[in-house]
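Both complexes below contain chain A, partnered by chain B and then by chain C.
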Partner chain A sequence: MAATRKVESERVEEKVREGGKGKPGILSSVLPFSLSSVLLFFLGLIYLIIFPLLYRDSRYVLGVVINASMLSVISLGVWLTFTIGRTNISQGAFALIGGYTTAILSVRYGVSFWLCLPLSGLMAALIGALIGWPILRLRGVYFAMITLSLTEATRLAFLNGGDFTRGGTGIVDIPRPGALSIAGITLIPAFKGSDPLPFYYLAASLLVLTLISLRRLTQSRIGWVFRSLRQNEELASSIGINVAKYRVMAYAICCFIGGLGGSFFAAFQQNIYPATYTVTDSIYFMLYCFLGGLDYLFGPVVGAFLLIISFELLHSIQTYQTMIYAIIMITFMLWLPNGILSLRFKK
Partner chain B sequence: MSLLQVKDLTKRFGGLTAVNGVSFEVKEGEILSVIGPNGAGKSTLFKLITSFLKPSHGTITFKGEDITHLPPHVVARKGIVRTFQETNIFKEMTALQNVVLAHHLRCRASSWGIFFNSRQARKDETEFHQSALEILTYLGLAALKDEEARNLPHGHLRALEIAVALAANPTLLLLDEPFTGMNPEETDTAVEMVRGIRDRGVTVILVEHDMRAVMKISDRIVVLNFGTKIAEGKPKEIQQNPAVIEAYLGKEDEEAGF
Partner chain C sequence: MSQMIINGMVLGMIYALIALGLTLIFSIMNVVNFAHGQMYMLGGFVVYYLYGVYQLNYFLALIAAALALAVIGIIFEKFFFRRVIRLAKREENTMLLAMGTALLLENLALFSFGEKQRGVPPVVTGVYEIGGGYLPAGRALVFFVALFLVIGLLLFVQYTRPGRAMRALAQDKEATYLQGVDINQISALGFAIGAALAGLAGGLLITIFAINAGSGTAVSTKAFTMIMIGGAGVVSGAILGGFVLGFCEAIGYETLPGSTTYLIIFIALILFLIVRPQGIMGRPQG
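The block that comes next holds the complex of A and B.
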C-alpha cells in the first residue's frame, strides 16, 4: 500500500515537471466519432427497427423485451438518486402512484392516455418532492430504510383508499391508449386489440428518450452538482450550492420517471392493484442499478435486461429457478462489485 | 466601515460553551489570524461565521447586513467562503473539474437553460473554464489540472482547496489551518500565496497553529482561550501580551522550569 502511494506521488511529480502534457488517444485523433458511439448507433438501430420487425408476431418475446425496457426506465430513475449518493428503495411507490393516477384519470374521468402519461409523471414528481424535502436529510442506511417503508406505506394507502382506489380489488379494464391527434392530424393511431407491437414501440421510445435526457442531464452542470453532493455535501454548500434544492431535484426527477413507468404498465396490463409494486419490486429496481454498475448510465439497462431475460431462460427449470438466480446475483456482487459494465469500461 | 462584525457570539453544546461572548471586527483588505490552544473554539467560530452552526446568542454582520440565521449556501453567495481543517475536496473529480464546479454561484443560466445547453449556459461554462485555468495557474496547479483530486499529494491538495474557495469569488475567505502538515519551505510558499490572495482584494481570516507563519502573515491577531477572547492586536503586541503567554505556556509559578 505504502509502495503504491509512493509510486502515485512520483507519477504526479513527474507530471508537474513535464508540464502536464498528456498523450492523446490514437484512435480518437483519427476518427471523427468514437467506437462506442458507433456501437451505440447500431444497438439503437437493432433495438428500435430490426428487432420489432423480426419478432412482430411473437407476443412472448415482445412481452419480455417490453417488460425489460420499461423496468429499465423505472430503474434509471433510481440510478439518478445514486448519483447524489442515496440508496433509494422507494421507486415502487412512485410507479404505484403513477399507475393509479393513470387508472383513476382514464377509468373515472375518461382522460386520454397521452395526457395521463405526463400527468402521472408529474403527480409522482410532486409527491416525491414533498416527501423528499424532509427525508433527503438522511443518508446511508437510514435513507434506504425510510424509502423502503415508504413503498410499503404507499401500498397500504392504496389498499385502504376506499371507493377512490377500490382497495384490494384494484382498478381493472383500464382502456388501451387511444389515438393521439393534434389539430386533426393523427400522430399516433389507437392501440388496437391485444397486439403488443405498439406497446413495444412506446416502451422503446420511452427508454431511448429517458437515456438521452439523463445523459444530457448528467453531462451538464446539474450532473456535476449531483455528483458533488455524493462526494461532499458540506463542501458543496460552502461553495454556494443549494444542497437541499438539488437533492430534491434529483429525487423528483427519479419519481417522475417512476410515475411514467407506472402509467405505462397500467395501460399495458390494463389493471393495477396495490400489490402491483411491492417492496420486492423497489429492491429489484435498485438491484438492476447495482448489477449493471452505478458509474454507468447504461448500468440499470444492462442489469434489468440481463436479470429479466435470464429469469425467463431459467423458466424451464422452474424448481431451481430462484436458487440459480440467487447464485448468479451473489456471484456478480462478489466478483464484480462495480457492476458488469466495469469489465469493459475502466474508469 | 468594517467588513465583518462579530458581536457577543456564543455557542453552547449542552453544558459546554465552545464560544463565549466573542466580539471582533474585520477590516476590508486585512489578514486576521485567530489563534489559541487546542479546543479554544477557533473552528467553532469559523463554523458560526459561515452558518454551518447556528449560534446560541449574538450576531454576525457582513457589509452591514445581519447574516446570522442564513443557510450556509446563502452566506457563500454573500461572499463568505471557507476552507476546512480536514482535507475537503471532490475526490473523484479532476483538479480542473473541482474548480469549474466551484464557480457555481456565478451561474446565470437557469436549470432548464443548463439542461438544454442554452447560449447562456455555454457562455457560463466557457467563462468558468477560463477562470478556473487562471486560478489553477495562479496557485501553481496548472500542470495537474487533469489529475484526479484523490491522487494529489498533500501540499497540492491544500492549494486545490484554496483554488476551489477562490472560484466561489469570495469577499471574505476563511482558511482553517491552511499550513498544517507543511514543512517550513512549503509554508513560506503558502504564506506568499495567501498574501497574494489578499492583494487580489480578498479579505482573509485564518485559524492557524504555526506561530512562525501567523506572526509573519497577520495584520492583526485575535486570541481565544476556552471560548473567550483574551487578546486582540498586532503580532508584536500579541507576542508580549502576558495573558497570551499564560494561555500557551501556563502560569510561571505553576510550571516548574519556566
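The block that comes next holds the complex of A and C.
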C-alpha cells in the first residue's frame, strides 16, 4: 500500500517536471488514433447528431437528457476540485449565483442570454476565487464543512436580497434565449415557444466542450500539478509550485462551470428560487462523481446519466428518490468505493 | 440586554452539547458525522412521541431518546463506518458515507413522521426574572440538564477507563492498540455517546423550538459552524464554539431581521477562518 503510493507520487512529480507530456501507448504508436478515441467519436456523434434527430418530437425524452447533460456539466466542476483533493459541497451555491446572474441581468436589464451565459460563469468564478482564496487553506473535513456552510449562506443571501433578488418568491419570468447575431448574420436563431430541441443542442455542446477542455486541462502540466496537490501540498510547494495559485485556479474553474450550469437551467426552466439549489443538490453533484469514479473524467457523466435516466425509467419509485440515492451512496462506499468505471478500467 | 445574555446562555449550553457529540466522534474516528443534525431531529421525535403523544414522564422519554440514538450510533459504526474507514483510500469516501447516512435518516423520518412541525407542551411552567430579563422555567430546566450532561461527559472522559481509552485513541491509534485496548469497541462506544448526545440535545430543545423531519441539515450546519469556531476535535473548543454561536444567535435575533443573522454569522466565520483556520482552540492541521 505504502509502496504503490510512493510510486504514484513519483510518477506525478515526474510528470509535473516534464510538463505533462506522457509517453504514447503501444496501440497509439501504431495507429494515428487509439481505439477508445474512435469509440468516443462515435458516442459523441450519436449524442450530438443522431439522438436529437431520432427524438426531436419527444419533449419528454429530450428534457431528461438535457437534465442529465447539464447536471453532468455542473458535476464535472466538482470533479475538478476532487483532483486537487478537496471535497467541495459548494457547487450548489455557484449554480445559484450563475442562475441569479442570468435572471437579474436578463429580467432587469434586458441583457441577451448569450451574453448572460458567459457573464454568469465569470461572476461565479470571480466570487469563487475571492472566497476560495481564504477557504482553500482548509483541508479535508474542514473544507467540506465550510463549503457546506457556504451553500447555506448563499441561499440565505438570495433569500434576503430584498427587491433585487425578489426574496423567497424567486424570479419567475426569465425570457427564453433570443437570437444571437454578429454583424447582421444570425448565428443562432431565437429559441421559440416550448420546443426543447435548441436547448438540447446547447446542453450537448456545453457538455462536449466542458469534457474536451477538462481533458486538455488534466493532461497538461496544470493537470499534473492539480494531482500533485491532492497527494502532498507541502511536497508540491517544495519543488516550486505556487500551491495557493493553482488551488484557487482549480476552484475558480469549478465555480465557472457551476455558474454556466446555473445560467442554463435558469433560462431552461425560466425561473429561479433561493431553494433551487440546496445542500442536498451539492451532495448529489458529488454523488454523481463518486458513482462513476473519481479517477475518471467520464465518472461524473456516467454517474449523472445513469442515475437520472434510471429514475426516469422507474417512475413508480420516484417518491423514494432521495432515500434510494442515500442507499446507493452507502452501498457504493461499502462495496464499490472507486465507482462504476473502476470495474472496467483499472488505474 | 440581560435578556440577550439569558437567551445566549441557554442556547450556548445546548449548542455545546451538540458540538461535544460531534467533536467526540470526530476526534476518535476522524469522521465528521454529517448525520448529527438528523440524529438531533430523531431524538426530538422520540421525545415528541413518548412525552407529547403517549404522556410518558419527560425524563424517561429523554433517556429513551438517548438509548435509541446510541443504538443507531452503534449500528452506523459497526456496519458502515468501520468497513469504509478500513477500505477507503481517500477520506472523501467516509465523508460521502456520512452524507448518505444523513440523507437516509432524514428520509426515513420524512416517511414515518411526515412533514409537520412538531412541538411538545412545556415540562415545567413559570417564569423567573433575573436582572430585568425573563427566563421561563422550561428554559432553565433545559439549561441545567444540559449543564449536568456536559459535566457528566467531561468527568466520564477524564476519569473512567473507557474515557481514558477514548482520549488515547484520539491521540494515537497504534499506541492505543498496543496497550491492549479494543479499538472497535471503543470506537463503537464513542459513536454511541456522540449520537446519544445529539439525541439528548434534540429531546431537550424540542421543548423550546418545534422540529420537523427536515430540520436536521440546519442543525448540522450550526454544529459545523460551532466546531469550526472552536476548533475540531478539541473538547474545550466545542464548548466555546457552542457558546460563541449561542450568543451570536441570541444577539442577532434581537437586533436583526429574520434570517440575516445566519448570513452575517457565515460571513464572519469565513473572515475568521482567514485569520485562524484551525479555530480558537484547535491545533494547526496538517
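Annotations
We take it that the second predicted complex is superposed on the first by the 300 of 347 C-alpha atoms of A that agree within 3 Å, B and C clash if a C-alpha of one lies under 4 Å from a C-alpha of the other, contacts with A are read in each partner's own complex, and residues count from 1 in each chain.
Here is the rule we go by: a residue touches a chain if its C-beta (ideal position, glycine included) is under 8 Å from a C-beta of that chain, and two chains touch if they have at least 3 such contacts.
Keep in mind that what you see is a predicted model, and the values were worked out from it rather than measured.
Contacts of A:93 after superposition: neither chain B nor chain C is touched.
Ranking chain B and chain C by residues of chain A touched puts C first.
In the superposition on chain A, A:207 makes contact with neither chain B nor chain C.
Applying the stated contact rule after C-alpha superposition, one finds that A:239 touches chain B and leaves chain C untouched.
Within the superposed three-chain model, A:159 lies in touch with chain C and out of touch with chain B [touch as defined at top]. Of the two partner chains placed around the shared chain by superposition, chain B is the only one that A:249 touches, whereas chain C remains out of contact.
In the overlay built on the shared chain, the residue A:84 is in contact with neither chain B nor chain C.
When the two complexes are overlaid on their common chain A, residue A:231 makes contact with chain B while staying clear of chain C.
In the overlay built on the shared chain, the residue A:220 is in contact with chain B alone; chain C does not reach it. Taken together, the two complexes place residues 234 of chain A in contact with chain B and also with chain C. Those residues of chain C that touch chain A in the shared complex are 26, 30, 32, 80, 83-84, 87-97, 99-104, 106-108, 111, 217-218, 220-221, 224-225, 227-228, 232, 258-260, 262-263, 266-267, 269-271, 273-274, 277, 285-286. Touching chain B in their complex are the following residues of chain A: 8-9, 11-13, 15-16, 18-20, 22, 216-217, 220-222, 224-225, 227-228, 231-232, 234-235, 237-243, 249. Taken in their complex, chain B has these residues touching chain A: 50, 52, 71-73, 76-77, 81-82, 84, 88-93, 97, 100-102, 104-105, 107, 111, 114-117, 121, 124-125, 142-147, 151-153, 156, 164-165, 167-168.
The touching residues of chain A, when paired with chain C in their complex, are 82, 87, 131, 134-135, 137-142, 144-146, 148-150, 152-153, 156-157, 159-160, 234, 278-280, 283, 286-287, 290, 294, 320, 322-323, 325-330, 333-334, 337-338.
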